[in-house]
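Shared chain: chain A. Partners: chain B in the first complex, chain C in the second.
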Partner chain A sequence: MRAHAKLVNVHRGLPAPSALCALALFALLAAAVTGCTDRGEPVLREPDPVGGPTLLRRLTQSQYRATVADIFGTDVPVVARFERGLRSHGLIAVGTGEAGISAFSIEQYDAAAQGVADAILGEEQRAEFVPCQPRSTTAFDTECAGAFMGQYGPLLFRRPLTNEQTQRYLEAARLGTEKLGGFYEGLKYALVGMMTSPQFLLRIERAQPDPQRPELLQLDPYSKAARLSYFLTDSTPDRELLRAAGAGELDSADSLARQVDRLLASPRFEGALRAFFGDMLEFDLFDDLAKDSEIYPAFNSDVAADAKEQTLRDIVHHLVEQNGDYRDLFTLDQTFMTRPLGIIYRQPVPARHDWERVQLSHDGSRLGIQSHVSFLALHAHPGRSSPTLRGKAIRNVFLCQEVPDPPANVDFSVVQDPSNTYMPTARDRLGAHNTEPACSGCHKVMDPVGLALENYDGLGHFRARENDAVIDSSGFLDGTAYEDAAGLAAALRNHPETSRCVVEKIYRFAVGRDTVWDERAYMDYLIAAFAESGYRVPELMRAIALSDNFMAISPPDQTPVGQGLAHNQSDGRNPS
Partner chain B sequence: MRNAREKNPLAGGLLAILLLGAAGPGGAEAPFVRNGEAGFVVSFIEYGLSGDAQETGACPAGMTRNLPEIYAMTPQGKRREGESDEAYMDRLREAAGRLGTSPDGRDLCMHPEAGEPDPWFRTVEGSDMPVYGIDLDGEVSDNDFPGMSGGTGIDNQWYRVVGCSRSYQPAGQSNGFNIAMLTGSWGILVRLRGVDDIRNDDHVEVGLYANADPISLSPARKPLGYATYAAEPDPRFHATTTGRIEEGVLTTVPVDAMFRNEVNSMYLDRPLRDARLHMTLSENGLMEGYLAGYTPVEDMYNMQYGYRNGMTHAGELAPLGLRSGSANGAAFVLGHTCHGAYHALQQHADGHPDPDSGKYTAISTQYHIRAIPAFIVAGAGISPNPAQPTREEAGR
Partner chain C sequence: MSKISRRGFLRGTLQGAAVGVGLPLLNCFLDDSGKAFAASGRRIPVRFGTWVWGCGFIPELWIPTATGTEFELPAHLAPLEPYRDRLALLSGFDVKLDGVPNKPHITGCLGLRTGIPVPDLKVKAPTLDVLISDQIGDTRFRSIEVCSAGIQRSYSYRDAGSPNPSEISPLALYSRIFGEGFQDPNAAQFTPDPRYMVHKSVLSATQEERRALMGEVGAEDRQRLDEYFTSIRELEQKLALQLEPPAPVEHFEMPGAPPETPVDSEMENVMENHRLMAGLLARALQCNQTRVFNVLFSDTASNLRRPGSSSTHHTLTHEEPVDPQLGHQREVAWFAEKSMIAWREFLDALSAIPEGDGTLLDNCLVLAHSDCSIAKAHAVEGIPVMVAGNAGGRVRTGFHMAGKADPISRIGLTVQQAMGLQVDRWGVLSMETNRVIPELLA
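Now for the complex of A and B:
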């Protein structure tokens, strides 16, 4: 039976340890457990916060769309082509704090804002969105325009507008009314200005002194609200969260917990999970995914969209609806499927147009999200599979292990010829390729993992043979040997880095930056808490959201940078 | 091996999985066979006929003509001096309208029996040119043809009727109804049950169904294997029989079957009496051969020429203008006369004699088909599982 630990914040009291507690503590991770409750339960104590810099984080496409939907309604269209996100430290969420905004993006943001403004201030819809009737539709009405700004300004900027901001956009509305000949045209002009301003497009974090830790800063209340909301809903703070921020309630542990629990219970929480896992699984690459239609005739845009949705559905279903163990994602034997996907999985899908919950394979050979089309097709070539790409992706995506890019002068001719009858399987071809010393080091790390998925072609169809030769899908993962993809699934599930990796990535996703060396104790704390919860992701996200580290800001001259963290460098398994 | 599911083979396990391929001799199940079941969707279909008449010499008296062409051969139908193209065409159309109407004013496409046999509706008179198909009656008669790949006694009187029609030549339009199938307007499903060995099995259960779903195609419009299809819920479109597999060739006991057809948004039945399969199964699950039997001549006329009983999507008789216009338009474009076709069908019918008159009521028909693995489900695509959010509901 697992020792039941209780998570407490270090600043909320340290109970006296008992003898039983001491034994339990010994059994848990020493770095994370430093106390017990008064009932003798071991306590996972959050290490002192380290803090990071305040960030300017650009809204992702999903955040932009969700924000507009939450402010104006789901039927308001967002018509724009968003610029590709920058992936940094494995996540676009981190890249949002590093990438600039191009002129193309500004044009697209402007187009999107124009579309939103037209939708909500058009003749038929304006009564729903404008809380007042202007004195005239052809003249400027300061009071009515001010009411409109007051209603939507704080939602758009995620904090109350300053007087200067209010005056600026009122003046824009006035000018627009004069130049464009109508009150609502003026409002559109001002709204487009607000939606193309940095205050809307960027999450601008601001810090304030932390009275409990003079050596650190903390996010100001509205920055806390935004960080919480985008972490737990992938969308803008709602009115209740902004109210709580304005009332100073987010500085109170109990009030903060109420808000966090409210957001976790919200239907919008699913959006956060989808955003994180879509980012972690690199689903942005689907935008460029192409398959040779002669080789993979079942592939089309519907299949690509369904493949992404299948994996995200499974994740949400397992982690939220089933409250499942994160590690079991790698051994799931059921999935959601549509008929187009059923063609690839060769599984019957009774529902004609809907999603159907079915067995992942008819013989139990296919297990886990790493055996989904979304993973197998994404990490393969347009016309053939790739044990190397798949092995590398498993290392990078699920284990947080970096594998360097190949050197520039490598001869790929052998591995790029899948019709080679002398080397009929990918294992044969890679064996020949790996005789080159410059290649063998990394391939030893990637190939035994990826070769376990060789029973799936470049799209994800099962195949027993390649070029009439039986495929050998045996391999090993960091000391664990297996015979096939099902064995890999179990090895991946039970790999200690699997859970550690997702903890680190979720935290990176939450704070928008890489973790640093000084945060290793905090990471260990989260990892221990994650294990203690039975590897429940929502509980992990709750622990992060309630932790002091999440809101802590380091003074500008003490921001630790460029140190990279922690468990990658300490476990000795990093293939790089 | 006999299977216990006899009453309603589709109703039983909702998921009637059809797959092809079966176990190799004494080996494991072929990948397209699961639990002894193999499903297929017909991926290609055409009438099994013969080569081009110009090459086979099947029509020494010439090809069938349509009404304007017939009129144009009369002295009155010759083009007059100085007559413009437009005026001449109008005159031909007007004459065709008259020739296509019975003396009592009835449209001969809607009432072909009111017309006389058309001497310009040419049919294949000889029986020595090889044709596609199989022997349906086990006999070799004067009207039978030699087989395209050898053999004799091929029953294919439908070829005799249409072999001299230009639209039924290999490049003609009338034998292109495979395209209509690929657009999703109708389809055919085949299910095998009790398959122990795809090479040799002395007893398998066979189901023939109309497909309730459009066929799944690749971006290049090639049918995709292993798609899921619902069988038409209407039991009229279910036919079950038995068969055997010998050296990889599936043959089945004749059974009356019914499929669907669609012309100009009109829905028609495609019946096939004494339908039987003669198909070669391959290890990878492809199946090719013949679906053959006897088509009632009245239904064949309706399907291919007259559309007299064409129905709307709502199940009502289609407007007369649509039925008549489609039939007359087809006769003009495809090069035949409705009454000529009708009488030719009656003349060459060779199956199912009327018990009272002894007159044959059906005509031997050979469909050349290919089929690929598929999953067949009952219930018209309704899931047995709890409802899941739709694509739209899943989006944010």
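Now for the complex of A and C:
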């Protein structure tokens, strides 16, 4: 579980490669994945695939919604209260491979499925969704029900239905028709059954032998299609991708590239970027975010929603529309804003109900997504800022550096009493940590980073003073000293871990598991490719999607595929 | 004793006509002991719940100086005076860490609930409410989780990958229980809705995927799939119940929909949401919608706060200096006392509902606990615990017991036995125990 931290440590402190051959040298040091041609240009070669296990991944809330919208259209309502995703190794995407499905979740999935079934098979819309006219609306029509199943079954299960599955849902529709006296009523319950099936709610990956590498397995074509599609669109494979999978085209490099480029160019690609960055930035925490209404009267749930949207909009605009350098997200001086957000940023927004492109600040006092309300408010207390929480989040979220929990037995009372008039600013109060050896080890990696953001209060308003004392926002980040938040922005942008971290997180997001030690050469390859592309995220995602590592499956060690129920006995949960 | 049966009453009064009136269930339908309904012989069910508050207590304001039945309630327990005979106060029981790192506010809470200390949220066994619900939870909902402080989590886990989320809005809780699918237990007429049958049968068909899928995945995923199929089966059982006439319930009144309330961690809002949810939960228990519940009054790292204050209950426990006059943290004490007032209000809600010859509380076993004793140090030694209610006569209360550093798993073991589980040993390493607390068992 700490393999990832080790992986980071190996490279911590290495300077950012500045010239092409230095880049090659850097990579050579790490794992010799590049060579220099005569003209000194690096030639990147993907290391041999390592592969991970096949996974059983639960659809996330955004994937569920996007999947339903892609199959049935965006106006079909999904009415359910999804429980929060399980976060593991910094990402909900990794947690999807570990999360179970509680009784509460099934209740909610069931309600969502009924809502969808009611909408598309209700009188108004059924003609649009059922590809045939039943012989009678009160009697069962096998052919017509079969046609409906044939149209939506493969889309829902992300692969063709087996005969048993088709029969099962036809039988459900027949029984429903008989008991309820209506063809569409029966069809409704067949659809509810399909939408609560594990084949729909879980992405069940299956492996097959890899003809090129007998020691490895690879995903089967439909599992490949699902992995690709959820990675690049946060949604289900469309008909074209399923067709390509069925025709065996995803095994050919050219056809695969064609599909990948098609998905990258589709409007759905934005969904994938939003899903990844919302996950990386821990925006699920907004569900529990509360601010004291007396201290921060400008905060409400609309502002919170706008704050999230602002950051995601900026990211998509910069990375896709501007084809920008990932690292520049930390020094962006422009942003999108709404009028309610403008109140916090003290920025007049002329448009009453719309997003406007504006300067993030006019004096450079605010730069980059880490100075957005979404980051500042999320990593603070309900009634005040927190340099420690913010410093910790910068390390965890953007640099992939884990900071341990505070020791259990610590007296904080000297440290953070906000009414202590002798210690007017957080810097004064946190200073006490440095005298406590149990604290100083971790606080010296968090606080100097978070203190640079002290000019923003617990919601994100700019302030020059705290308790009448001028705030000193100087600090240092892994060897780079700075005077203020703008300096932190530059230091974060230029930190070598910044780009390495996003590469690792995107790869983990793609494959749904933590990276392992044996993959370090592959990580170095991706990082070198990322640097060579000028830190273009869409190109990084393309490189991942086209790499052999992405689809490779390691042979299961103790549990051969298809072993059956033999191990089920050992699942005992009750320790007694 | 009584010569009239419920059915006879219906026929006699209404000449058999099917009319939609609520049918009162009179005490004369009960047997002499008041423990079961005479007509059906069906026993009044016993319910189990947990009630959790965060950030522990101030020992000198909470722990009675005397043990046994003759004790004075210290200041913070004073609000519970009306319930002193219905409460067992358990002080001085420890979560034994055995070298496991103490994750603040987590290790103590989950150690108490699973018998196994863990350094994070990855529980190694189901929490005891889940063990108990597997035994008694054959109701419409396996269990109901609520949190009054705006946090969607609970400390109820079947498995590390699937914590049971809490309802945080009284209105949402109301709709889930009393909205669509709710059947008035005392309705004079019952017509099974065939849609439930069709719905149930399609879910049963899903179970047919089980065997093939189990063969395709590794051991860990098999456990997750197993959980999925368990959840599906629970939904099937819920639908099966809808096809049977609900058992009549005496004194049941359909609650009205609660108002839409602000959901956050401001103390007054939390108290109000807690009162509303406690009332709804009590009604849900009364009419057999669930037999198990978990209430999270405040999260273990309590985010409760007073309006306009820059500190929360949790941050105060660490930062507030000890008041030299009082000898404890003044603000922290305010939150600790409020937590006990809320607990009293929860017991008020349960005992407001008459049942048998007593109240709903008599037929409940509620385990109230915190995550630590002294929050400032995150101490997991001496976590305060209370047992309320008499579990239909299976549990004795009205005493204070000092655990003298015994493993806290003794409490979990005793509670499981009281709820009828066949378990004689629970917990691991220093927490493993086969010693129940005999004083608790009637």
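The criterion applied here is as follows: the second predicted complex is superposed on the first by the 510 of 576 C-alpha atoms of A that agree within 3 Å, B and C clash if a C-alpha of one lies under 4 Å from a C-alpha of the other, contacts with A are read in each partner's own complex, and residues count from 1 in each chain.
Keep this in mind: a contact is a pair of C-beta atoms (placed from the backbone, for glycine too) under 8 Å apart; a residue touches a chain by one contact, two chains touch by 3 or more.
The shown structure was predicted, so the numbers you read here are calculated from the model rather than taken from an experiment.
With both structures placed on the common chain, the touch criterion links A:106 to chain C but leaves chain B unconnected. By the touch criterion stated above, A:74 is placed in contact with chain B alone, chain C being left untouched. Contacts of A:285 after superposition on the shared chain: neither chain B nor chain C is touched. Touch criterion met: A:202 reaches chain C, while chain B stays clear of it. In the superposed model, A:132 lies in contact with neither chain B nor chain C. Of the two partner chains placed around the shared chain by superposition, chain C is the only one that A:383 touches, whereas chain B remains out of contact. Once the two complexes are laid over each other on the shared chain, residue contacts for A:271 go to chain B alone; chain C is not touched.
Residue contacts after overlaying the shared chain place A:481 against neither chain B nor chain C. When both complexes are overlaid on chain A, the residue A:356 reaches chain B alone and has no touch with chain C. Note on chain A: of its two partners chain C and chain B, the one contacting more of its residues is C.
Shared contact residues of chain A, touching chain B in one structure and chain C in the other: 293-294.
Chain A meets chain B in the complex at residues 62, 65-66, 69, 74, 271, 293-294, 297-298, 300, 309, 313, 336, 339-340, 342-343, 346-357, 362, 464.
Within the complex formed with chain A, the residues of chain C that make contact are 101-104, 115-116, 124-126, 131, 141-142, 145, 150-153, 158-165, 172, 194-195, 197-199, 201-203, 205-206, 208-209, 211, 213-219, 221-228, 230-232, 234-235, 264-266, 303, 305, 307-312, 315, 318-322, 376-379, 423-428.
The touching residues of chain B, counted against chain A in their complex, run 14-15, 17, 31, 34, 213, 216, 218-220, 222, 224-228, 230, 375, 377, 379-391, 394, 396. Within the complex formed with chain C, the residues of chain A that make contact are 53-56, 81, 83-84, 86, 95, 98-107, 110, 164-165, 168-169, 171-172, 175-176, 179-180, 185-186, 189-190, 192-193, 196-199, 201-202, 204, 206, 287-288, 290, 292-295, 381-384, 405-406, 408-413, 415-418, 458, 556, 558-559, 561-565, 567-568, 570-571, 573-576.
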